[in-house]
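Shared between the two complexes below is chain A, which pairs with chain B and chain C, respectively.
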Partner chain A sequence: MLSVDSIDVFIKSSRILRNVSLKAGKGEVVCLIGRNGAGKTTTLRTIMGYLRPEKGSVSFQGEDITRKSTHEISRLGIGYAPEDSGIFPDLTTHENIEISTWTKTTEKSEEERIKLAYKVFPVLEGYKKRKGTQLSGGERKMLSIARALALDPELLILDEPFEGLAPTIVTEVARSIQDIIKMGPSIIISESNIYHVPDFTDTLYVIERGEIIFSGRPEEVAQEKGILKIIAGTA
Partner chain B sequence: MKKTGIVFLLLILAFLLVWPFIGPEYQVYLTLSFFAYSVALLGFNLLFNYTGLLSFGHALFIGVGGYTAAFLTSRFHIPYMEVSILVTILLSGVVAILIGLICVRYIKIYFAMLTLAFGMLFHSFLMKTYHLTGGDEGMSVEQPYLLGMDFSSMDQMAFFSGPYYYYSLGVLILASIAMWRIVHSPFGLCLTSIRDNPDKAEYLGIGIRKYRLLAFIISGCFTGVGGVLLAPITGHMDPGMVFWTHSGDMVFMTLVGGFSNFFGPMLGTVIFITLRDVISSYIEYWRLIFGALLAAIVILSPGGVIEVLTNLFTLIRRKIMAGENAS
Partner chain C sequence: MVETIVNILFSGIFHASVLFLVAAGLQLVFGVQKIFNLACGSFYALGAYLGIVFVKYFLSVGGPPVLAILPLLAAGFVLAIIGPIIERGLLRFVYDRDVHFQLLLTFALLLMIEDIIKLIWGTYPLSTQGVYLAFGILDIFGASIPVYNLIVIVASIVIAGIMAHILSNTRFGRIIRATSDNNEMAQALGININNIYVKVFTLGTVLGTIGGALVIPSTAAMSEMAVDLIVLAFAVVVIGGLGSMKGAFVGALLVGILKSVSFAVYPELEMLLIYIIVIVVLVFKPQGLFGTAT
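Showing the complex of A and B:
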């Protein structure tokens, strides 16, 4: 489905990613874990075409998307919910979700896709007419994921979906993500807190200072004391 | 739109319909400029408020519309107003594509400066091509036929305060309905999302350059139509119409009226035209007063005069409701 092969990414003259590779198969849940500043968001933004790798390539469903623009990548079927939510403040909750259905047509109708987004995040249905500015941090996060989901993506990328959320909201968002997984898309989640790594993760990648230092099953990382220390920031 | 808003609009419309019968001839004549600039600003504000791009060269499109009317009526002897409007839409669209392809690659001050540069290029073109455009002397605009009807037997002021008045009002109503539908359509909401957060809009599959270009083209066409309506009122087109200060006037009208409200720029045209007429009859340096007024508006009420009026209206309504509850 998605394959990131040995990418090097520079921002201005600083090398942010070095030889980063990761894969996400059909229906697979992949978690990219690392401390703040490790390169998680840069990796995801590179997949989305927002940053261009100096070396290496990114392919989606066998198609090279390394040089494609962000909106083209999105239309190919990759939904992205950024870390800062990035909802549109002047649009209502409903319009924020609706907008995704206009840019990409899929087998599902607009109504079906919107309905599905509300089904996963029922709390948003009560705030349909509220403007983006009137939503709380947790609701914005949910809206950001709901909006990406309304694209009817084959692959959903969630950048730190639990960041800054109250514990009760974390549970709610985690439950919603579980619902999304049942719908079948592949999912890549970035996370800085190991305790937030969902139980349903198939493959775990650990990134540190722009390099992937571990990849494997989540239970395997528990054997790697050094890696755990790095993730916890105590190394 | 809220019920009170619709009632208010209908009242204004009713007033505009009877205005030629009750208002002084000169004031009715001034209202024509309000209609023309309102149509032009519908286009300008699609770009400014809804897309987040400030054009400092939009008078160029007023010039395209005005000179098209001048060419067709006085050079080619095609006096039909509808032909002028259609040709203007076509020409403005072509000009907007050519300029927009370059300008929409940039945003903020770079976009503003590029549009200003293209506006001034057009100004120089009009000045230098004397044989074609009449240079600094400009071109005359003949009285147009409206809906195929010739009104040349009428007194000019009677023409302006009668048929032309209602024709311009009709164009303004149609343009307003069209623009209202555009900004409330999926396309309009995509523009708003681009203005709010272009990066995130791209993540949702919105090609921002394409949308910005489309907004620029539509904007140019509306402003061009405003220029066609303005041409017979002035009776003359000269390069001054596309000079950067004229673009600045459009920015002024929009800011004073209130750019974040659909009808704000229209209110701005009323304020601008009325004040310019009143102040310039007393002092020569009317722009000095306008500058001070603009500074005051931006500092005291960034949402423009319409925001002041809306707040005032809300306050009065609350007081009335509080009074009703108390009694």
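Showing the complex of A and C:
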């Protein structure tokens, strides 16, 4: 499905990622965990084609996407909800979602895709006509995921979807993500808080200073005291 | 008294209409591509010169002067061709460069086009003879208003309406607004921004060339007109707020009317009043009346 193979990524000539590899199989939920500044966003932005690796490659469904432009990557079926949500402030909730349905045609009709997005995040349906600027942080996070979902993607990339949310909203968003999992796409979630790693995670990757230092099942990392300390920042 | 006021008002609104078209193009391009395109002054000048060529030909083959608006619009639209050439051939290489470099580049473009204009049309002022007054003169409260001015005002309002409709109600317009809000996110939703950039730049170009073509029956085309206009467009954008269409509209109206008021009261100081207002806005409300940029 998605395969990141030993990428090195530089930003302004300093190396941010070193030899990072990760895989997400069909329908798999992958969680990329690491402290602030560990390299999660950089990894996800490289997958999306915003950054080019100096070394290594990224492939999606067997196709090399390392040099593809972001809009092409999106149209191949990767939906992306960035850390800052990236909501268009000047557009309404509904307009934000609609745009995703114009750029890529899938088996589902535009109406179906929009309906599905609202079904997963019913709160948004009440704010259809509100502009992006009038939404709360939690609503923006939800809209960002809903909009990525409206692409009808094979893979969803969610960069810290729970960041800055009140505990009740975290539960609500986690429940929505579970609904999305039932629809079948693969999901990559990044997270900095070990307590936010969702129960439904299949594979966990731990990133620290731009390197993957652990990968395995979530129960396995629970055994690794050293790794847990690094994630918590107490190592 | 009333007569003078009406005269000043209409002449101001006439200038505002043309200024709005060019400023709208400038704002649109700035909003989406984040480039302050000084060369829009040259597009205006090119529109004027080609407008004269087209009108002269039109009249020489027996076209009636009252239909001269058609060759003028045609000149504006034909010049759309320079949009993709400049965007694909030049600007696309500099989107990542810093603002100063981009400004210098568009200024260089302005100077180059000015030279090309001199090369083709010479340095003497040119004009369309016998078109301006062919539409007649209307008596409004004792003031004599050339009907041509009214036509341009109406044309400009219609174009403003079409633009507003495109931006708020069409898919293309929403994609433009999304790209202007956050072009990285637009790409992640599958929007090919190169494609949007060419289209937006071409639209901005045509607004400038049409502005130049429409104004020319009322005045003479001179090679310096590009620089003169960019100074006014700059005032419009500073007063109205960078990147805002509403700002272009209100800013153009203010600058147009101020210009004609000061011209009537004390012609030597025509521009001074505008500069003073620009400075006041820059000091006390640097984002302009409707701008969001800081």
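Note that in this section the second predicted complex is superposed on the first by the 235 of 235 C-alpha atoms of A that agree within 3 Å, B and C clash if a C-alpha of one lies under 4 Å from a C-alpha of the other, contacts with A are read in each partner's own complex, and residues count from 1 in each chain.
Following the convention adopted for this analysis, a residue touches a chain if its C-beta (ideal position, glycine included) is under 8 Å from a C-beta of that chain, and two chains touch if they have at least 3 such contacts.
Just so it is clear, the model here is predicted, and its values are computed rather than measured.
Trainee: Looking at the combined model built on chain A, do chain B and chain C fit side by side or clash?
Mentor: Clash - chain B and chain C, as placed by superposing on chain A, overlap.
Trainee: With both complexes overlaid on chain A, does A:Ser74 touch chain B (first), chain C (second), both or neither?
Mentor: It touches chain B and chain C both.
Trainee: Thinking of the overlay built on chain A, is A:Pro89 touched by chain B (first), by chain C (second), by both, or by neither?
Mentor: both
Trainee: Just chain B (first), just chain C (second), both, or neither: which does A:Leu151 touch?
Mentor: In the superposed model, A:Leu151 contacts both chain B and chain C.
Trainee: Looking at the overlay, what does A:Tyr50 touch: chain B (first), chain C (second), both, or neither?
Mentor: In the superposition, A:Tyr50 touches chain B and chain C alike.
Trainee: Where along chain B is the clash with chain C: 7-15, 151-159 or 313-321?
Mentor: Stretch clashing with the third chain: 151-159.
Trainee: Return the residues of chain A at which the contacts from chain B and from chain C coincide.
Mentor: The overlap between the chain B and chain C interfaces on chain A comprises residues 48, 50, 69-71, 74-75, 80, 82, 86, 88-91, 95, 98-100, 102-104, 147-148, 151.
Trainee: For a test of understanding, state which residues of chain A touch chain B in their complex under the given definition.
Mentor: 48, 50, 69-72, 74-75, 80, 82, 86-91, 95, 98-100, 102-104, 147-148, 151
Trainee: Please output the residues of chain A touching chain C within their complex, sorted ascending.
Mentor: Contact set of chain A toward chain C: 48, 50, 69-71, 74-75, 80, 82, 86, 88-91, 95-96, 98-100, 102-104, 132, 147-148, 151.
Trainee: Quick one: in the complex, what on chain B touches chain A?
Mentor: Answer in residue numbers: 186, 189-190, 192-193, 195-197, 199-208.
Trainee: Going by the contact rule at the top, pick out the chain C residues touching chain A in the complex.
Mentor: Per the stated touch rule, the residues are 171, 174-175, 177-178, 180-182, 184-193.
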